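As written, the chains take the letters A, B, C and D, and residue 1 is the first residue of each chain.
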Amino acid sequence: MKRDEAPGRAEFPLFETITTRWMDQDAYGHVNNVEYYSYFDTAVNQHLIETAGLEPRTTDVVGMVVDTQCSFFRELTFPEVIEVGIRVAKLGRTSIRYEIGIFKKEDPRPAAFGSFVHVYVERESMTPTPLPPHILAAVEPLVV
Amino acid sequence: MKRDEAPGRAEFPLFETITTRWMDQDAYGHVNNVEYYSYFDTAVNQHLIETAGLEPRTTDVVGMVVDTQCSFFRELTFPEVIEVGIRVAKLGRTSIRYEIGIFKKEDPRPAAFGSFVHVYVERESMTPTPLPPHILAAVEPLVV
Amino acid sequence: MKRDEAPGRAEFPLFETITTRWMDQDAYGHVNNVEYYSYFDTAVNQHLIETAGLEPRTTDVVGMVVDTQCSFFRELTFPEVIEVGIRVAKLGRTSIRYEIGIFKKEDPRPAAFGSFVHVYVERESMTPTPLPPHILAAVEPLVV
Amino acid sequence: MKRDEAPGRAEFPLFETITTRWMDQDAYGHVNNVEYYSYFDTAVNQHLIETAGLEPRTTDVVGMVVDTQCSFFRELTFPEVIEVGIRVAKLGRTSIRYEIGIFKKEDPRPAAFGSFVHVYVERESMTPTPLPPHILAAVEPLVV
């Protein structure tokens, strides 16, 4: 995706704030591409824990990540604080496709934009299972 | 991408070996999805450092990651040793699109498959620049 | 060190706030011990970048970490926000010994307490060099 | 500890091999100090999983890290492969104190040397508990 085509701040219903870390930077002195995905994972799970009451240690039904993607538009550097926009692009029977924008403070355009797909499975059997009601309730307001 | 459609071992001309780490695992007790991208980045840079003589601390021309993607098919757990297959799907004037397969030992099918695009830029100006000859020489044998 | 002997909040002149991440947690479902050191490194470097104007990409004089230590008293779990207390226990001619406390929100006692020693060196020769004036000015107020 | 005082290769009964990663390097272009502790944690847990049959997902008795320390003597850079020496300096009723040396290939002197203390607890109550027999059997040969 081209930077000019990526959705702006107004197109995300929810933001989570993440502090960058010294170690996020690689030998090129900028935040390494891999870390952006840790921001994706952190923002989505933070919402699910705080809003849906997800308890990762004990839950029998787990959202497994089956597909992720990211386009990178601008460098980030430590100690920037970033704002992670989250929206739900597709809500299936057993899966959720999130779209994520990574924003620098006061920048209306994203530094990166990507997607993140969870399929819900029973932890033991790894069999897909319908989205649990508490998860559904937490993500429905994010559908765009 | 479906697991059955992903390329097998024979379709990768080069493999790098990576040892997993205790910390790669998240609260679900498997390697977190983010880490797969660190395997991508590690395998590609290892090839460029060892074969093209890339010197990250001093090079004026840098491969910037502009787009990455990964489909996840099977869980990995520590202390598995993994083999990372690398091939070049597209060689442009200023960019390289790698495709990467993550394989468990003795498994002919990948646990994950994704892509990784480098655009070469002058470090100071961030202006795209033609692929340097030493990089080109190192990646041409990987074109499929 | 025993938890009861570790310094409380009032004994730290400066705090930096850090958001935990999903991936900080290991297979035991708590923040992995290794991450605490990334909080140390992040808090100290954030202070030096923001207060001393440290520019890691270009500086010729670098603080090399020569010794670190941490005692762990309480588990942390994502998505806790933590507060990292920093003080300077010893200011030498070429080195700084920081002491760091990791605090949960509203907890007067630290979840962990440790130390972190920087020796300043010329980047090229790796020879110890006196603390630069801008670094000295940034850390003197933290001496206890 | 001074580099010259640190134990050499011959003083470690066991070694685990770890591949460094691109992202281990920070903005100074060398492996960040934090990563050394991930090598400690990885080497010890690899031994316990492979030799003691530790199953982190299901075990009721867990080794909690209560204290770690590291002295850094030499820089490491990606893509070095490192060898992690492990020995047991103290075997208590409920705890194990490991000492760890990080070695570059073919270097008899360590690049770093540190310690790592596990206290065994019942996972639910977090109460210290005697070392389980399978753990004891795996670490007794490492006592020096």
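In the analysis below, contacts are C-beta pairs under 8 Å (C-beta built on N, C-alpha and C of every residue); 3 or more make two chains touch, one makes a residue touch a chain.
Predicted model, so just to flag it, every value in this text is computed and none were measured.
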| task | Count the C-beta pairs in contact for B-C and for C-D, then report the pair with the higher count. | result | C-D
| note | With centres defined as the mean of Cα atoms, the chain at greatest distance from subunit D is chain A
| remark: Distance between the CA centroids of subunit B and subunit D (whole Å) is 28
| Any idea how many Å lie between the Cα centroids of subunit B and subunit C? | 33
| Hey, how far is the Cα centre of subunit C from the one of subunit D, in Å? | 22
| In subunit B, what residues contact two or more other chains? | 22-23, 25, 27, 29, 32, 34, 38, 41, 56-57, 78
| Which of the residues in subunit D come into contact with subunit A in the complex? | 22-23, 25-27, 29, 32, 34, 78
| said: List the residues on subunit B that touch subunit A in their complex, please. | reply: 27-28, 32-35, 37-38, 41, 56-57, 62, 64-72, 123
| Considering the complex alone, what residue numbers of subunit D touch subunit B? | 17-19, 21-23, 25, 29, 38, 41-42, 45-46, 49-50, 56-57, 78-79
